[in-house]
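Heads up, there are several structures right after this.
Below, chain A partners chain B and then partners chain C, in two separate complexes.
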Partner chain A sequence: MTGALRLAALLVSAVVVFLLPAQVPALYGAFTVIAILAVAAYGLDIVLSDLGEVSLAHTVFFAAGAYATGLLATRAGAGSWATLGAALLAGVAIALLLGLITLRLREFVFSLVTYAATVVAAALAHNWNFLGGSDGVSGIPTFDLSIGPLALTARNDAELWPFAFALLLVTLYAVRQFRRSRPGAMAMMVHLNPRLATMSGIDVRRVRLGIFVLSALFSAAAGWLYAYQRAYVGPDLFETYFLVLMLTAVVIIGKRLLLGPLLGTALIIGQERFLSFGGDVNAVILGGALIVALAFLPGGLASAFTGLAARVSTKKDPREDVVDA
Partner chain B sequence: MNLLQHLINGLILGHAYALVAIGWTVLLGVARLVNFGHGQIYMLGAFVTWWAVARLGLPYPVAIGFAIGAGLLLGLIMQAAMLRLTFEQDLVSIMIVTLGFGHVMRGVAGLVFGGNPQVLETPLSYVDFELGGAWITGQDVMIVVVAIAVFALLRFGLERGALGRTARMVAEDPKLAQLAGIDVRRVYFSVFAFEGAAVALAAALVAPRTPILTNIGFEEVIITFVVVVLGGIGSVGGSYVAGVALGMFTALFGGFVSPAYASTAAFGLLILVLVLRPGGFALGARAGR
Partner chain C sequence: MTSRRQLLRATAVGAFALAAPARLRAADPIKVGALFPLSGGAAPQGQHVTQAIEIAAAMVNEAGGVLGRPVQIIKRDDESTPAVGVSRANELIAEGVAVIIEGWNSPVTLATQTVIARAGVLDITAVSKADPILTGGGNPLAVRLNSSNAQDGRVIAEHLKATGAKRIAFLTQNDAYGNGAQASIEAQLKAVDHVWEKVGEEKFPFAQADFRVALTNIRGVNADAVVAINANEGSGLPALIRQARQMRLRGEFVTAVGTVAPSVISVAGEAANGIIGADIYFPNVEPFASNPVNQQFVKRAEEGIKYTPDKFMALGAAALQVWAAAANELKTLEREAIARRIRGGSFKGTVFGDVSFAADGQMQSSHHLFSVKDGKIEVRT
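Coming up: the complex of A and B.
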């Protein structure tokens, strides 16, 4: 496909996706949640796909955004712009702290410390009364981004959907630009050949820290909107469900594909909303999908499909089917 | 409670921590593998023991055997699924796959054993005696004895014997080991089976001390991290010392400061050690890895 055709196809599908829930109102809830959780997954995607590290602390950034929003909105009556700022700030602050601690750590020690951070954050959320304890924070007011005479409010999923969609588009654009930017290239170099990176004058630790903090912005922003969508924030945000969901979303379609995490999230939430077998079976399906994607489908579903397509259409040059990210 | 009670409590807790962590220590030391489903195998081991005692009416020692068998089987299944990734040394994917296994195990536990908390009562928990004003149960004594036995066995079997040499060679360079005629596959399978069986054994012994829930694995795993890192990654002797020290620390912190934040404090200790000494406090020559 040529570039212009590709762009047109993307634009058309974006418009179709945006308008679809208006025709089938039952989709509003699922689409809003998919958009929000996909944004959270993109934060993890940058660290996993570009930096090559497994961060298990992105649920903390997600929850930090949600908690900052919930606490400020209910106790200080802050508007949605203020809570957005606070959510991003909370995510960045925690990521900076954790990034500095893990600056010299690699591989499983890095993952282990980020996982431990999640367990500790969950213990704090459960026991600290300031954060609402086990009850969490409920009664979050309606979403309101109004500027002067321009009224931008959302009381339900249908009204929240345009904002979730906009946040998703901003995220997709930012991730795409990041991968084409100098920091993005430096991240790949640090990932694939840290010694060459050092020799090229790249400060490996600074790049790692910068990308870790950048990735937290996405997950925290998702937490901000999720707090309004649920109107409740609680310690359940730290459960492994969200962690496994983000990880599965990132790897199931294939790493370093721009639309991968979005389609992955859509598959998972779609199954849970429209083909649910109850919480326990859903957990088995989600965990099983993660195992199968990594252990038996190297390259994810995308390469499995292209491999299949190449076998079916033997006349075509198989090289045409290689997906360019 | 007095200081002696806390110290004895810490000693017992410490041996429990060391026993829970030993599977992972060997997994890391021998195969350079990690298992984020570790906590969930612990949870399943506890549930299987409870189920065999309470539902099947089997005697407790037979139930322990059941749990070990289940853990062994789980370890083999996990390694079978990850064999390709293991040979590619794709640690990133292995970590994520083991997390996936943990999530599946939690779902399965919910389906099979239900969502209610269970209490496992063993004959040994009714035997208690006084020691200088502090009370301990037969179950506590058994945890300490079994932990010491397992560690002694490993220290002399793994770090001295021919089996240990084979294992270390595989850890250092799997390809070279294969060229030297070692069946690397078998080593990987045995190590993962040991990891599963060891955690399940620990669960069968330690779980009677607390209520058994489907989410106990989540917090259990952090203690194992701290023990493994503090002990110097992969060092058997080091993780024994680290386990006991951490048990003491947790008991004293829980007794005098706050029990709710005990695992948070353990995490603080981990950070401190990682910042000060990234290699941990290994006893042997394998420090700094």
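Coming up: the complex of A and C.
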């Protein structure tokens, strides 16, 4: 497929996806949540796929964005532009701190420290009255990005969907451009061959820190919009549900695939919304999907399909030869 | 040529056909959403509350329904998770429910109440206790049936004053519920002019089941009364009661309102004998035992689901009864009108008897102290 054709196909797909909930209004809620949580998962995807580290702290960045939004909106009456800035700032600040702490750490120890950070953050959220304690922060006002006479508000999922879709498109574009950029190439080199990266004059620690902070921006932005979607933020944002969802979304389709986290999130949320078997069974399905993806499909569903397609075409070839003969 | 009789018959058939949609509409059920945990750790309680709402709906339907239409309960599982609760609330809203009765877990209620309010659907919280449900601004027309921390604190404070407990120790769950409940008891002790001294205070997380270190510290302070605030009715509170007995803790053992259910006594065994508690509903004790509406409710539950209703079930049933009474009286399903009728209003003939609500939407409960004797709850008159 030529580049122009591919672009046209992508544009048509995007338009169809955007307009689909208008035909089936029951999809607005699911599509909005898929878009938001997919953006959160892209933050983790960059660290996992490009830096090669399994971060278990991305729920903290997600929650930081949501809490910054909830606190500023309810206590200072801040608008959605201000809360967006605060959410990104909160995510970056925490990522910077955690990134500096984990600068020398690799693989298992890195994951363990990031998990510990999540536990500490959850305990703080549960017990610190400033953050609302275990009651969280409720009564977040409606989403409002209006600029002058241009009204950009959203009171429900149907009205929030265009904003969630726009955030998703911006994220997809940013991730695509990042992977084609020099920092993206440096991240891959740091991931695949840190010694070569050092010999090539790349400051490995600086690259790692930069990627970590960049990834937090996506998860924090998702937290910002999620706070408005739910109108409430609480310590449940630190629960393993969000962490397992993000991890599964990233690995189930295949790492470093631009649409991977989006399709993974859509699969998970779609099952929960439209094929739900109750909380316990859903948790088993989500956890089971993560286990299967990691243990049996290291390349994700995409590589499994590619392998299957290759086998089919290998089996098909001899027959074609016979026919040709 | 068409005869006059044929013309009349045709007119009658036509009129009947035209009237049919309206008659069908009148018979269409009014959908009521029930949003509680139906899976996970709180599933048994959530299912019981939902069943209680269905029993109350059957009672309302037999009495003529709401606006002449039957009530249909549509239940959804919030999975004790705010994110899921919001999704399920949106599903109920899309189903066109007239009211959503919800709330086992406070964070889930806090997450769903804004979504429900913004959709213009009436929201009645049955069980969740967090104060911000009424004061947080998420739903300006909030209504809650379970007692508030302030109401609960009063009855415990009055008991401590009546027994002359001067040296009081607290064993408190370290979260918004536990700290709020303790603060309320302390405030009410001051409000009732009781002179007392806090001689001990031990905090623990919700999931804790080993209290021996904390109990050793409390035993050392020789308290007249030990107030235990532990909402972990499945494992934490029974373990705390058993360990307190094993360590021969001195002083009266007073539990927070609504935490000692029959299941807690069953797990704690003999150790539960002698503990003091308080609650707002007992199925077979006066004034509930002689209330015909409660009698019918208890009978239907015992026959239908083989379970004697507890307070949580009574709260669910009463939520539906209050809504139905308000809708029938006002002859409307409109959210604001019904909410304003309930807030600050009174209702007769619920499983709680005659009930009234404060202007902020909080149902006014009547607390009853009880002690546990021979494994049974004995309500004090």
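The definition used in the following text is that the second predicted complex is superposed on the first by the 312 of 325 C-alpha atoms of A that agree within 3 Å, B and C clash if a C-alpha of one lies under 4 Å from a C-alpha of the other, contacts with A are read in each partner's own complex, and residues count from 1 in each chain.
FYI, contacts are C-beta pairs under 8 Å (C-beta built on N, C-alpha and C of every residue); 3 or more make two chains touch, one makes a residue touch a chain.
All values reported here derive from a predicted model rather than from experimental measurement.
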Touched partner set for A:240, first chain B, second chain C, both or neither: first
More chain A residues in contact [chain B versus chain C]: B
Touching partner for A:251 - first (chain B), second (chain C), both, neither: first
Contacts of A:115 with chain B and chain C, given as first, second, both or neither: first
Partner chain in contact with A:280 - chain B first, chain C second, else both or neither: both
First, second, both or neither for A:127, with chain B first and chain C second: both
Common ground on chain A, meaning residues reached by chain C in one complex and by chain B in the other: 126-127, 241, 279-282
Complex interface listing, chain C residues touching chain A: 37-40, 77, 79-84, 86-87, 90-91, 94, 106-107, 110-111, 113-115, 118-119, 130-132, 136-138, 174-177, 179
In the complex, chain B residues that touch chain A: 34, 36, 81-82, 84-85, 91-93, 95-97, 99-108, 110-111, 218-219, 221-222, 225-226, 229, 233, 260-261, 263-264, 267, 270-271, 274-275, 278
Sites on chain A touched by chain C in the complex: 25-26, 29-30, 33, 74, 126-127, 133-136, 138-140, 142, 155-157, 229-232, 234-236, 239, 241-242, 272-273, 276, 278-282
Residues on chain A engaged by chain B in the complex (per definition of touch): 48, 52-54, 56, 101, 104-105, 107-109, 111-113, 115-117, 119-120, 122-124, 126-127, 240-241, 243-244, 247-248, 251, 279-284, 286-291, 294-296, 298
